[in-house]
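The same chain A turns up in both complexes below, where it pairs with chain B and then with chain C.
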Partner chain A sequence: MPVFAVNNVLHMTSLVPHIVNGLTLGLLFALIALGFTLIVGVMEVINLAHGSLFTLGAYLAMSTIGASWFAGTPFGIWWLEFPLNVRYFLGLALGPVLAGAVGMLLELCLRPTYGKAPLYGLLLTFGAAIVVEEAIRLVWGTGEQSMPVPQMISGAFLMGGLIFSTYKFYAAGFAIVAILMVWLFLERTPYGAIIKAGAHDSEMVRALGYDLGRLRLLVFGFGSALAGIAGMVMAPIWGLRPHLGIDVVIPAFLIIVIGGVGSFWGAVAAAILVGLATGITGAYAPAWSLMSMYILLIAIVGFRARGLLGRRSALEN
Partner chain B sequence: MITLSDIPARSQMPLTLPMGIFVVVMATAPFWLARVGLYQYLGVEIAIWVLFAMGFNLLFGYTGLHSFGHGAYLGIGAYAFGLFQHHAAISLWGGLFAAIAAASVAGAVVGAFLSHRRGIYYALLTIGFGQVFWFSAMKLHWLTGGEDGLLNIPRPDLVIGPWRFDLNDNAVFYWFVAAITIAAVLLMWRVVNAPVGRVLQAIRQNETRARFVGYDVWRWKWLAFTISAAFAGLAGGLFSMAQQSAYPDVMSLHQSGIIVMMVLVGGGLVSFWGPVLGVVLYFVARDVLGGLTEAWLLWYGLLFVIMVMVRPEGMAGLLHVLLRRTSGQVSTVKPEKA
Partner chain C sequence: MSQSKISRRRLLTSAAAAAGGVGFMGPWAHNRVYAQATAKPIKIGITSDASGQYANSGAEDRRGMMMAIAEANAKGGVLGRKIETFHLDTETTPATGSRVAERMITRENCGFLIGAIHSGVANAISQVAQKYGVIYLNTNSSAPSEAGQNCHRVKFVWDANGSNFSKAAVKAAVEKFGKKWVLLTNDYVWGHSTAAATKNLLRNYGGQMVEEILVPQGTRDFSSQLLKIQQINPGVVSAAIGGDDLKAMRQQIAQLKMGDKPAWINNQQDWADVYGLPLDNLFGVFGTTWYYNLDLPGVSDFVKRYQAMYPDTYMKVPGNVFYNGYWATRELFAAIERAGSTNNIKVIKQLENLKVSARDRMQHHDAWMDPNTHQMQQTIYLATANVGTKDPDDMFKILGNSAPKDVMDVDSAPACKLETYEATSTFDA
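Presenting the complex of A and B:
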């Protein structure tokens, strides 16, 4: 069939939007994986509730913006008179903070599992993921909801004869800023130094007089808040449904392992790789685009046991 | 903390008390299920998941290999049974054989990739492969029927000599499933008490040491995965008969995680019979709590979280401690004969 053959040949120019899509998706994956890699690096806990905290943060932000619970009250009416921009930024602040608080609660529950096999932390957070997901279902219902977005970052624009969504660019830019800020925080502040020292040798950090319990609590809270931020930013693209968490935690998990456990830039590189693989597969076989990340995982971890830039970790035992 | 060797599967007697209770309860279930407010089909479900969970625990509890994608092999068994009925022949044993064979082959191929890995990387690769199978089941419409799955899978009659049993009757079907489950569990009992079981437990306790002693650890890990996948496939074949359909949902990460929860809550890490308790608790909780509230999984999840925090050895461990306290025994570890 000649027609079929012609359609199947994709020129480089027609691949451009898929590559751009893949790159933005990769940056967003990096944003999702950021909090996850922080918690894995410092505490060697695989936080399977990361995706649920992501979803929870997004739901809380949506409720803040739309005043869903208190819409009928005088406070809600007063609140809804504010322009969307103001409410949006408050949601952006409040959703992640509350997700961080839930994360801290989770850290307190995790304490009995420290010093045991990593399996127990993994299992506990899996249980927590189910609890959070069911709680979301109970509060917000099972249906799909959408997140309101201010006018200035919605819509689409034309570039080189191709249409791009403005919001995706905003989200990708947000991801770049967030990644750089977390990196600066870890590399250029004394708090970052303590966190990295905690990941390297927690006993020594304790011996130096730092409160390890509080450090872990704060790192977990910070990582969960980052999950909430990612959820808030991703929600307008992916939509909001209670079981979103599992669609999110798996890519985060894959990215950490492909990048190498404990490596910051390894995770970012892996995220962009996964995003590009998904985007380019989407050009040739859209139905299979999400499968590409698993193939990538098997290909990379099959040959490089510790991922791209990984070091030896206690999680291997 | 208690470990598997404190509640040994091995005993001087060929028949132990838990085994007797298990066989009697399974064999008499149809007579009392309705009296305690439950129903026949629940018995079928529990029997199938007991088979799946016990097979999974050979890998999870005994060998210490944490697979989080085991639902895939149940699903492969279910699809294989259904495809056999639709495209080859209406045959009970043929279908079940196809289910076991398909799951074993899939398990053997995946196991070959996995067996060099340890710890969290092992768990992660099982998730990766599980997702690949699940995704394929969703997308290969021409083979699997996509999200709806394979429908109208018949339950072929069971023919033993001159007798013919109609398995469409749920009571008869229960006897059939229970018989297969009991046979499979007794086979597993044999496996864990044979030298093979000892090697698998040695790998769990210390993989490096097992290698130094001279065992080809890679091959044993591969074998454990394949055997476990084969039992999952058998359970899958029965599952597709029970549901008269096969669908991708059972292969999802969620379901694979649920089976891990069942095994852990029951106490699969410390006891051969632990998974049975876990499966029964899960299904009874689903029906009893599910009748009271939509969000029963929320409560089950909370129970699970608390269990991991305070009693990771599960119900079997709890039972063991209680029994030991009431009988005033100091230790149940019997000296082995040389």
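Presenting the complex of A and C:
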């Protein structure tokens, strides 16, 4: 075999783990962007509190698992006797539900801004992000926290002579399930149809007798709960601190712009591209790893202003 | 004759105008002048991060300063003047640091500035401070360049730097863990200048740097870098990663169970960056300047004073960042007292001649301020995780210590060109 071919094979072999890693990273980015894209797509609100709700969901789940609010009480002692697996999955349910409830409260506050300049909604959600972050500081303190993870999804495994994190693959698998479930909900249930119709023509949905206010409330709550789920899943990888949300909003925003605002699969495809770009540059040009997602944005939006799968604008016809 | 009269009148008028002018212009010959004998408070600008990558360390730094200020005020102030503070968030961002420093000096009339974690921020603040002649204490940023090419007459650096820590660790690590090293470097001034110092030492001790992986600030996922390290399979990874980046990295390394192999050397481990993390996240060997459990006189009393002042703080014991913030502030007040004045040049001269006994500093060796670089020369400790401890606060096991003279940063010193006293604006704070 010629020398250059051997080198190519070797290069490909060393690249494979980074492609696998980039794909898992992309799925995690998709999970992060899921709630954000739902709220933007349906309500045309850029929810700058998405990152704070992400963090809040993780903290609430952590407290549920560790029973920190009931520490030392008979309930707390009884609760901690349950295996970590049980408490973990209850945390996975309860944390996002509570984050969703906070999201619904935020939607109620947003109502006076509907129909006004988008800046009002932006400012309000920006303010809400600060309020939620400070509330987290007040309740849980400013220090670093760690999310307990069941034994069966922690640790590491060997693949191709390299160590990979078991949890990261669990998180990527979880992201696939979450993406499919949200898609099935939107595409295969009457509720999903109403939500999509509300995004397409809200006046018609109202004329058909649906309560648009209630619909928006539920969508915002659902999007916030998805943020909370993402927070809980990501906390064991990124760590848990009150300002964690800052790390979330910018990638989520870039992903929906790259994918095309309002496009579900566009966002998923964009997240995987961002993951691959970040993962591969992280290995071969690490100083550019964070910058790579911005370069991707420029490259894609420069050639296709509506993003990968965004709807064609009336001006383009 | 008449010409003579006019001339005399003109002469008298001119003399009066000149005298008045001198009286009026006097203050403007200096940058700003305040009445020295007045009992008005001494105002200190606290330039610590409250947000961004070093928010937690910034809070710890601030707590140290505030304890020193509270103790000084409890004793009646400094030169009989109360200490007042004004804090603005420097946001772990150099541009914000410049803006904050400018505002503190020109609008808030702060006579001294204290605080830094991020070396880029410290550098930005010190450029503004030098412009106005305001003494600035860089409490906790540890890029070798801070006492090298970015040194200033008004700036004093209180933390040990990357070169000091590398000197304490590199030789022994080459001998014990091998010559093949990978450097994992935060992509900003502290990371770069620390990595440069490590590379120099590696060359001197026969080690080989096979790769340097630059990590942008704000990186939360280290999987690519950790895969790359596995592919290279080095004996040692020398990391200069700080703040939230370090926390995320430590957690991910622990998940992969890569903490034992390769050997990890983290140049410096700030207390705020690890406090509260599980002990298995605290692998490898790392440097520090102080630990709350050192068996030295005064340490337990210092810890008690901290706990009395901050009973509700989540950090139950003080760390190295608190220690530096406290000592920098305390030594500034002592220098003002020794100078008998808040004149900046007089105080600078006092700080340049600072010597502190090991007993007073609660370290193992005497410390001193290097008058040529304005960096505090002090004991360096190497530590690792205190595996098996029952006390959740007692996270470090101290492995040994190095005397300041053995770990001096001789490479950065030639690059430091302090401005002359004459070129530094003078004023009384």
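Basically, the second predicted complex is superposed on the first by the 299 of 317 C-alpha atoms of A that agree within 3 Å, B and C clash if a C-alpha of one lies under 4 Å from a C-alpha of the other, contacts with A are read in each partner's own complex, and residues count from 1 in each chain.
By definition in this document, contacts are C-beta pairs under 8 Å (C-beta built on N, C-alpha and C of every residue); 3 or more make two chains touch, one makes a residue touch a chain.
Remember, it's a predicted structure, so these values are computed and weren't measured experimentally.
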Chain A superposed: clash or fit between chain B and chain C? clash
Identify the partner contact of A:17: answer first if only chain B is touched, second if only chain C is, both if each is, neither if none is. second
Report for A:253: first if it touches chain B alone, second if chain C alone, otherwise both or neither. first
A:134 contacts which: chain B (first), chain C (second), both, neither? first
Just checking: does A:215 make contact with chain B only, chain C only, both, or neither of them? Give me first, second, both or neither. neither
Touched partner set for A:277, first chain B, second chain C, both or neither: neither
Looking at A:291 after the superposition, I want to know if it touches chain B, chain C, both of them or none. Which is it: first, second, both, neither? both
Once the structures are lined up on chain A, find the stretch of chain B hitting chain C; candidates are 4-12, 184-192 or 238-246. 238-246
Using the superposition on chain A as set up above, list the residues of chain A that contact both chain B and chain C. 243, 287-288, 290-291
With touch defined as at the start, can you tell me which chain A residues reach chain C in the complex? 14, 17-18, 21-22, 24-25, 141-146, 154-156, 162-168, 236-239, 241, 243, 247, 278-283, 286-291
Contact residues on chain C for chain A in the complex? 51, 55-56, 59, 187, 213-216, 218-221, 223-225, 227-228, 230-231, 244, 247-248, 251-252, 255-258, 275-278, 314-315
Report the residues of chain B in contact with chain A in the complex, numbered from low to high. 66, 113, 116-121, 123-125, 127-129, 131-132, 135-136, 139, 253-254, 257, 260-261, 264, 294-295, 297-298, 300-302, 304-305, 308-310, 312
The chain A residues in contact with chain B across the complex are 46, 109, 112-113, 116, 118-120, 122-124, 126-128, 130-131, 134-135, 137-138, 243, 246, 250, 253-254, 257, 261, 287-288, 290-291, 294-295, 297-298, 301-302, 305-306, 313, 315-317
